[in-house]
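In the two complexes that follow, chain A is the common piece, with chain B as its partner first and chain C second.
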Partner chain A sequence: MTALVLSMPDRRRVLALSIPFLAVIGSMAIGLLLIAASGKSIPDAIEAFLDGAFGTAFALGASINRAVALSLIGLGFILAARANLTNVGGEGQIAVGGIAATAIALWPPVAGLPLGLAVILPLLAGTLAGAVWGGIAGVMKVRFGTNEVISTLLLGFVALLMVYWCVQSTALLRQPQTSSSTLPESLPIPDSTKLPGLTNDPGSPLHIGLILCLLLALAIAIVLQRSTFGLRLRAIGLNELAARRAGMPGSILLVVALGIAGAFGGLAGAIMLQGEQFYLKAGFSSGYGFDGLVVGLLSRGSTIGVLAGALFFGFLRSGGISMEIMAGVPSALTVVIQGLIVIAIAGSVILVEKLEGGRR
Partner chain B sequence: MLLSLRGLGKRFGSLQALEGITLDVHAGTVHCLLGENGAGKSTLCNLIFGVYAPSAGQMLFGERPWLPSSPAEALEQGIAMVHQHFSLVPRMTVVENLMLGQAKGVLKRREFGDRIRDIADRFGFVLDPDAVVGELSVGERQRAEIVKCLMRDPRLLVLDEPTAVLPPGEIGALLDICRRVADSERAVILVTHKLAEIAKVADSVAVLRTGRLVAQADMKTADMGALVHAMVGREVKPLDVALGDSKEPEAGAPAKPGFALVCDGVTVQDRHGATRLDNFTLEVRPGEIVGLAGVEGNGQSELGMVLAGLLAPTEGRYFIGDTELTHAGAAAVTAAGGGIVPEDRHAVACVTAMSVAENMYLNKLDRFTRFGLLQRRALNAAAEVQMKAFDVRAAGPEVAFSGLSGGNQQKAVLGRELTLDPLVALVAAQPTRGLDVSAVEAVYRQIRAAARRGVGVLLISSELDELIAVADRIAVLYRGRLVGERPAEIGERGAIGALMSGQVA
Partner chain C sequence: MEETLAIFIASTLRLAMPLMLAASGELVSERAGVLNLSLEGMMLTAAFFGALGSWATGNPYLGVGCAVGAALCVAAVQAWLSVNLRANQLVIGIGFNILALGATTLLYRIIFGGLSREEIPGLPKLSVPGLSDLPFRRRRLRCRSSAASSRIAPCP
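Here is the complex of A and B:
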């Protein structure tokens, strides 16, 4: 009834706000149908999903930790996007960050450092490695005009193979080969270099990465909205020629923007390594860089949007893994559902914009 | 009589682009349409070619009423047009390009290639149908465009500014082709603002000025001087009266020694190796306004980019005051006191999606930065003062720059550049293009006031009246070269116009 009382523009607004929700619910419903079609029980799948996403302290912590990694990639993405740069190399930046963090954490003098330096130094090393990885793409862009979508993506594949190389070669990070069955992994990093937990509950994997992530999100929000640097990035992104005419160092800004995006990726890699995985192995990131890219894209430049999207995807991933283990739902199906949700959100955003445009 | 225009008029909103055009074009002749930028030449072509519908008058084509609804219909009925900007796909061969839109079903390459060769033979030129368009010279591409038109066997061929893009050596060949096309019982309309170049080929000439036909003549008996005068020699707008001030520097203004701006042999070659600006040497003294006249596309854009610090010249040096800026970049130009009002405001001068305040201080953001944060309140307050000082009318400093009218945008840009500290030289390129009368006046007033304060001004414009009204002396740029310099006096209008049209004095 209320809908009838509302005036036309108000009805449009209600519609506009409800579209994304309906879209997500709809795509989830399609997901459930797919699960049913694959012969699994829907109630079992739902129960497994909820359990895995936030059923226990462990599940909740794991979901949030996933969200931290996704947020960092997303934050870096929206900063670069402000300068009209598209960083699709999150996965590779995570990889080099993980390598650098492992290498420093396993360096014997580091484990004994006081004042938290044992934790901080590997984090910084990962951040720096990511910054270099992103910065290379930036230099290639301003020097040779290489499109950063291409260069960040391809540098990502290089980085992933570098992880493989590092854990295959004892001269690098592979653990000493004592027998033919020694796995191609690094040694576990010392306890003193692991990220401290956030709660006293030993059952919760939640670590201080969350605090770090929230502080950085605040920093990014300030940089983008309040700082002169953020405004300059925007000017470069909107009209590079005019920005250069106004005396802005265009090339430097572009390299720095991609460097910062890479730094966030590297930090995400270091946090994943020091917070949860504790040793380096091939494929340790399993797609966080690409999910983080989606989070950044869907946020449309908003910091809050990145955090919300990352949390959502974090739960989705945890729940999906649990569905696979407990309810036997193929993991490919969770990826399919995730894709449906992305399309639903992106599509509804376009729809909402059309509706809002129609009001003018 | 092939084409006949009777009292043709075209109005765009409040702008009367064409009025009362009555003109006859005969088969077998080359008809030249002469006029300055904005005189209405392109509008007239677009009416004939069916891009626009006339708002008054009649057209007759082959004795029948002519009112094409689209260029496609015009082509169908026998009118073809070569535009100034070619529409060829560079990666495809000539024959492939010409088959686009004409071939149906199975491609008959050989047949088309033979037709191209036939047409080229008939009109006395050579064109390889299998050459890739991207590897052809501009002249050859133009010939490909002409062949594309001639394949439709038109009765009337319209060429819009065909000589503007050609190097001098290829102009003669183009004119020969025009002659031969006309000799095959077709008519050719040649649109140009360079009278000297086409004088030898035209049979008759019509001169357009501000949308009216001001002169018509048979080329055999025409007085070239009178035609040039008709093209450019209108009464100078009462600018001086409107401005109400003189060009003389204020009494007591200190005469600064040296030069405000110096170009010494500046040469620019584009990436194809064509020389766009050739050994350009010019000195502007403090307090002086030097006008640089010239029809657009004669090197002004390249000069503007060099002076803005956005393009390093191939050769030569560039100074503002005593600072050499040849390879220094845009920030150094600003630091040395070079104010730049670029010709393409939207591409170079502003970020239209950002606010008025942000745009007015785009090059001075450091002034409003504390601990890396932008002091928005201070920025907006300063912008508000600035907006008042330069009469920038907007709802407030935070509205988007794109919401401002062209005049207010230009006043904002001018204000930003004029408040540089120090300000040694101002380069303003086409600063009044597209502005309404009051904004034009405001821009002139600000430029003159700057000169009185001792700033050296280089005013680049294709509007001769503007230069005569504002500048102290006028140099003329033609095909990238300085071809002469005259005092900025109304009596010199004909002489300057002749220089602009390539009639080297």
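Here is the complex of A and C:
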């Protein structure tokens, strides 16, 4: 390492690290070709993309807020993945988190609480709801052997329809129907329950969810790498039988792992609701759960990887929306690019492993 | 009452058809130990190219051919990635679902424009011998051999 020239293993390592970036660049190049093929101007599209992703304080804040929701899902995912559990239910956990946060935020006594409790209680309610939703899948797994991929996915559909039910029924969360044009939405939550902004700039939607997310990312990294709990999760994930024989409480660990993954999803839902949307409506989770799952999968268990991936997907989503509005590029194109990126990164893993394998 | 029942049974069979077809395909890959999570994406691709083929040629059977061909191409790429390159099957499946949703929506917008009311030729109704003769008073138990609706609808 004293020489300026990289030694052979280091060069391999750099190559291995650069492969995901090459995959992303390749996918984006295909996207540009598609934009050109659809007869739109490429410079316009790129300008619109950059503008929408981080051109203004508003755009940057919106992108980061998106990334916060995605990272929370991704962090929960990698924790459960450590125990060899695949949490596909992020979308549903966001949904139940959003329902619980709205319900608590709209409960009259909460809005007047001091010391930030008005903000914290709905967040906690969302987290708890998500934890229960994830925990159900965990209990089903340890009691009945239900595959958690199936159960979390199906619980997700149940949760999405529960949102629909909540906003359709005035007995639940629908706003009072004053006219026939009252939309099936909840009342907006009171100002005191909204997440405080991070900057004094009223033009920036950036809220304290970012701080919360970074703290939780740190906590997850420490738990996974430095704690007994993290080690036990890993043991369960690598060989459940051996871990149980070694005296670890296998069933409890599995339920808790899925519960925590769910809690992160629920918190993401509460943050989305209290940070940006402010009222509950059907389909408010709009694919964040699945994007977060992809972020978690692509990070290969690394906390930094989750944050980087979430930020990237956040920019991609914001930029894509802006490309549609400003440059007339169909938003479906961003979806295509996103799909290509996921496939390209996943497909190039074998190359990365080969290069890293040569190091050992 | 009888009529309602007949409609109910016929539509149950009609709606179960795509599920049965897709699930049989999934069964084959599950037997081989491959998780095909992109069933949704494959169906979406096939639906789009089936409609496109049928609309372009005017022949619904050629449309079915296009649909199968398109889905085969998707499946081949997916198989190469998840078997030869040993990519994570879950990620690849989700990736293809996202890609199919985006690509079909994009192609629809490019080929048909914003909202089209283009009629596409559908498959003929099928009367199953014996089953169609069941004694329902007014309406015979008939079942469409294709679940595809005969209009191209924009993807959400």
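Rule of thumb we're sticking to: the second predicted complex is superposed on the first by the 340 of 360 C-alpha atoms of A that agree within 3 Å, B and C clash if a C-alpha of one lies under 4 Å from a C-alpha of the other, contacts with A are read in each partner's own complex, and residues count from 1 in each chain.
Going forward, a residue touches a chain if its C-beta (ideal position, glycine included) is under 8 Å from a C-beta of that chain, and two chains touch if they have at least 3 such contacts.
All values derive from a computational prediction rather than experimental measurement.
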| item | value |
| --- | --- |
| Touched partner set for A:245, first chain B, second chain C, both or neither | first |
| Contacts of A:109 with chain B and chain C, given as first, second, both or neither | neither |
| Partner chain(s) touched by A:229 [first = chain B, second = chain C, both, neither] | first |
| Contacts of A:203 with chain B and chain C, given as first, second, both or neither | neither |
| Touched partner set for A:176, first chain B, second chain C, both or neither | neither |
| Overlap of chain C and chain B interfaces on chain A (superposed complexes) | none |
| Complex contact set, residues of chain C against chain A | 81, 85-88, 90-92, 94-103, 105-106, 109-110 |
| Of chain A, residues touching chain C in the complex | 34, 38, 86, 149, 290, 293-294, 297-298, 330, 332-340, 342-343, 345-347, 349-350 |
| Chain A partner contacts - residues on chain B that touch it in the complex | 308-310, 329-331, 334-335, 340, 342, 347-354, 358, 362-363, 365-366, 368-369, 372-374, 376 |
| Chain B contact footprint on chain A (complex, rising order) | 222, 226-232, 234-235, 238-239, 241-249 |
